[in-house]
Amino acid sequence: MNAADALTVIFCLAGAVFFLAGTVGLLRFPDIFSRLHALTKADNLGLGLIVIGLIFQSDSLAAILKLLLIWILALAAGSNACYAIGRFALARSPQDAVREDDP
Amino acid sequence: MNGELTTLFPALTVITPITGAVVVFLLPARLRARAGLPAAGFTVAAAILLAWGVVTEGAVRHELGGWGAPLGIDLHADGLSSVFVLMTAAIGLLVSFYAKPFFALAGEKGGASELFWPLWLFLWASLNGLFLSSDLFNLYVTIEVMGLAAVALAVLSGRPPALVAGLRYLLAALGGSMAYLMGVALVYGEVSTLDLGLVSEAVEGSPAIRVAFGLMIAGLLVKTAVFPLHFWLPAAHSSAQAPVSAILSALVVKASFYLILRLWVDVFDVAVTVAAGQALGVLGSAAVIWGSYQALRQRRLKLMVAHSTVGQIGYMFLLFPLITIGYREAADAPWLAHAWTGGIYQALAHGFAKASMFLAVGVFVLAVGNDDRRSIGDLVARLPMTTFALALAGISLIGLPPSGGFVAKWMLLKATFSSGQWWWAPVILTGSFLTAGYVFMVLRQAFAPAGKPIELNPVPRTMEVTALLLGATAILIGLRAEEVLILLDVGAPFDEAVEAGEGGEP
Amino acid sequence: MNPLEHALDTLLCLLLLVLAWKALRAEHLYQSAIFFIAFGLGMALAWVRLAAPDVALAEAAIGAGLLGVLLLDSLRVFSRPPNGSGKARQNTDPGDAETATATTSRHPGARATRLLATAAAAGLAAVLVTAIVRIGDGGGLTEEAAGQLEGSGVEHPVTAVLLNFRGYDTWLEVGVLFLAMLGIYCAGGWVGLTGGREPDSPGPLLSWLIRGLTPLLILTAAYLLWLGKEAPGGAFQAGVLIGAAGILLRLAGYPLTAHLSPGMVKLGLTLGFGTFLVFGIAALIPGGAFLEYPEYWAGEIILLVETAAAISIGFTVFAFFAYLSSRDGSPSEEHNSKPSTTNSD
Amino acid sequence: MTAPVESYQIYAVTAGILFSMGLAGLFLCGHFFKKIIATKILGTAVFLLFISLAKRDFVEFADPVPHAMVITGIVVAVSAGAFALALARRIWNETGRSTFEDSQ
Amino acid sequence: MNSFYMALTIFLVLNIAASMVRVIRGPTPADRLMTAQLFGTTGMAILLLLAEAMEEPALRNVTLVFAVLAVLLVICFVQTAESKETTKP
């Protein structure tokens, strides 16, 4: 268990925690907007941490750059998905966006 | 003709129609119909070359890509496949002559009829590819090409009933070919080769092979529309346009029958059991009775002819119980050759007769406007050639003496009695009576004087001539059977038919 | 086989079975579509676990690129009342089209057929599983493929089998794609791709993303195409990615098909299939077999044929989506006008 | 299980179950959309069996022949599925029918 | 290390299984589609972990394909579902 492996384990576990947070958020949050927030933010961070964890394992620069490219693409996809679905949901049912007293 | 050149012919029969399809598709619409016929002509030439090569050199094998059996794919042409390729060529050429004026007339009424020629040439290439291929997975891809092209042709008119029937046909075809592919997966897992020859050597009756064989046959039975699985055929074949219905009923259904025959006799002869043969026989006889009875009750002519297809396919399946029983008693029992030639003759005769009947009905629908049986009055006076074609086709379907249908049913009857399985005989006879029922019903109405003389819109002469030619060929192959038998015996499993001096005339 | 890998495989298989079951049994069509998309992702993971990276690549590209988009687009059609004359038989309030499985179970005959069918399916599953478990150890064609590999002109075994040993299959299969497009024309009328209305622009943020993403898609496609010689990659995966780039641009409202003349459409559809055919026939002239590439030039020919096939597959995949979404996308008047009255070249 | 279960056998058995599920779905599901999904599940099941048997014959790489066949099969299945979807949509737009049931 | 990757992959697959509940319960199609987006991201993480565990660099290309195509599904949903909006009277 040299240093690189230890770092990988730490980062990947952190990533897993964020994935768990994302899923719990998706299931437990009351309305679409909070779910959307939990989903896209938590997962991308989870994926990012796993990518960083795996960067310690990879040997060639190309592999590292590819991993980072994958993460950046996932971030772009996640944020735009959040924006698009949010806008769509707002157009569909504006009333539950401004509800203050959530059960 | 040195041997090296003949190996090209199997590849030629597949390449020419596909090149024709691509070239015709790239041409502008008005040139498309004019370019379609030469492409059909070249394909027929390639088929004749192949048949001639097979007769002179015996079975011909073309190793695609130059890699040979286990890794590469081979095209293998023997007597059986070249007979079917020749049948497809003959019917295809005449249907192409019929289709040119038909789509010129139907072209203005909308629908994507410009696409008939590329699709038809593609279907023709997949039929030739299926008859020649000797690789299990390649047969799956060819079946898919055939299925897609057939459904695309069936929905060409764009009318809702054709669309619904086409979707039902497509889903049935997909289910059938996936069952077939599951069988191929199990066979490959067991003997890890795909070439038909190598598989037949390596295969023994292990449970995986039996299940694989069962799945493959079940999948192909769906595509051949045998009795319980025939739900998709009547709607699809009757709602298609006339030349397309002729192609579907005469050729497409025969391709999966050919494949079942090839797998049953050449490849899985170890896994075949007597019970399986009898089961197929029972399915066939149920199809004969049910199909012919349903045809009797139909008011619409096209639906009647489609149901008669279901019936006539049943006759072909009577071949299987007669062959399978042979292996137990004696491999060279005399009736094997009769059953074998009888079954294949039934396929040939039905092809010509059904194509001519559908084309004749097409001419009638174009002339009168609807295909209701009652409005067929006094047809003989107004469309003499079409009625004559209808009569010739009817004779062959019933199996009256001079026709090819008679040779087929007569040989099947001889095989039934000499093999001791007498119970198939009543099925054949009742089937013929029922077929006689609906054929004579139509002919009687055609000769009856019509109530009020309705005017007919003009029908191009070539369409009537092609229908008549096809009907005449159905009779001709009955009279001149020797040539067909010589070609059929190249590499046939039971090749006693010619030596036993049977020849054509029974 | 350490127990953890076993646990993963079993879990993945259970997930696949549940996803497939729910995709078929879900009440609303949207649910079954999403379950099926998840099933496609699960299959990509299954291919990875079974050491089949090429197949995983193909499943990922086709599943995420083409299938999901086609299903969602069809859902829009099914959940909207038909623009044709026929009135819808089911209640079609948008979003959750009532499926027929619920309706058929009301009248008595259906209950019996359903039970019979499920029993038959269970029987078939039992027979299949026993046959699969007792299958012999075939050994496969791995040795033959490895043996002939250097003669095939490429290092990666799957590309060698796909494009050289079994080139005839691949050629017919590119033909199937071309045929499916012809079939779709038959179903909808031969109007080329220019009919119908382009979707309006999705707003500034998404347009910026699409403008940035499309070149990356094309670049990845080229990378996969080139990689196909020595690692998993190849014509189909690259082709679907090019098609996905086209679909992306169309979704962003770029008038991609406006200046596509029917002649160019036909050329695009037949390019891959035609190149294959030309090289196949060229092999016949010096007396070789159909599709037999000379060993010295095999690598270059395969790359050329793959590039043509990738472009043609990309175009066909794009044509699938563009044609379908334009034909009945707009509930405009085009239904009652004869489908082929517009310019059919 | 008696013999040590290899990973490919788990997937092969799933393929068998998926196949019968897809076949049952093809007959039982009413809506065109779900019948098309059933045909695709059917196809995927067959390909799963192909690839799991290919893994069994792993030497230094898994048996490439089934891999090539499955890639061909996936593309064939997708194009057939797209054609079926096009037909189903056209029928829905023309007649408002989404099942075969109400045909006589 | 290999068993650590496997354990993590099993955890993520359970994650996907759990989020299926939202597909069933999700009131609006947007919820259901969001879960498809979640499947995509989790799938990418699983593929990267398997790439390390099975020493197969090609799996990174598969992840790249998923990453590049992830946004296609959402845009298609937004565009097609939205046009459905405009047709509602």
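Every chain is named by a letter (A, B, C, D and E) in the order it is written, and numbering of its residues begins at 1.
As a convention for this text, contacts are C-beta pairs under 8 Å (C-beta built on N, C-alpha and C of every residue); 3 or more make two chains touch, one makes a residue touch a chain.
Everything numeric in this text was worked out from a predicted model, so none of it was measured.
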Between chain C and chain E, how many steps is the shortest route if every step has to go to a touching chain?
1
Compute the shortest path length in steps from chain B to chain D over the network of touching chains.
1
Weigh A-E against B-C on C-beta contact pairs and write down the one with more.
B-C
Relative to chain E, chain with the most remote C-alpha centre:
B
Between chain C and chain D, what is the gap in Å from one C-alpha centre to the other?
13
Distance between the centres, which are taken as Cα means, of chain C and chain B, whole angstrom:
31
Whole-angstrom distance, CA centroid of chain A to CA centroid of chain C, is 28
Counting only residues that touch at least two other chains, what does the list for chain B look like?
71, 137, 141, 144, 148, 151-152, 155, 163, 166, 182, 186, 188-189, 192
Show the residues in chain D shared as contacts by 2 or more other chains, in ascending order.
19, 22-23, 49, 53, 56-57, 63, 65-66, 69, 72, 76, 79-80, 83, 87-88, 90, 94-95, 97
For chain C, residue numbers touching 2 or more other chains are 5, 49, 51, 54, 75, 128, 131-132, 135, 138-141, 145, 161, 165-166, 169, 173, 176, 179-180, 183, 187, 202, 206, 209, 213, 216
Every touching chain pair, please?
A-C, A-E, B-C, B-D, C-D, C-E
Could you please specify the touching residues of chain E with respect to chain C in the complex?
2-3, 6-7, 9-10, 13-14, 16-17, 20, 23-24, 28-29, 32-33, 35-36, 39-40, 43, 46-47, 50, 54, 56-59, 61-62, 64-66, 68-73, 75-81, 83-84, 87-88
So in the complex, the part of chain D that touches chain B is made up of which residues?
19, 22-23, 26, 32, 35-36, 39, 42-43, 45-46, 49-50, 53, 56-57, 63, 65-66, 69, 72-73, 76, 79-80, 83-84, 87-88, 90-91, 94-95, 97, 100, 103
What does chain C use to touch chain D in their complex?
1, 5-6, 9-10, 13, 16-17, 20-21, 23-24, 29, 32-33, 36, 39, 43, 46-47, 49-52, 54-55, 58-59, 62, 66-67, 70-71, 74-75, 77-78, 81-90, 97, 99-101, 103-104, 114, 117-118, 120-122, 124-125, 128-129, 131-133, 135, 137-143, 145-146, 157-158, 160-162, 165-166, 169-170, 173, 176-177, 179-181, 183-184, 187-188, 234, 236, 313, 320, 323-324, 327-328, 335
Chain A partner, complex, touching residues on chain C are 202-203, 205-206, 209, 212-213, 216
Quick check on the complex: what are the chain A residues that touch chain C?
73, 76, 80, 83-84, 87
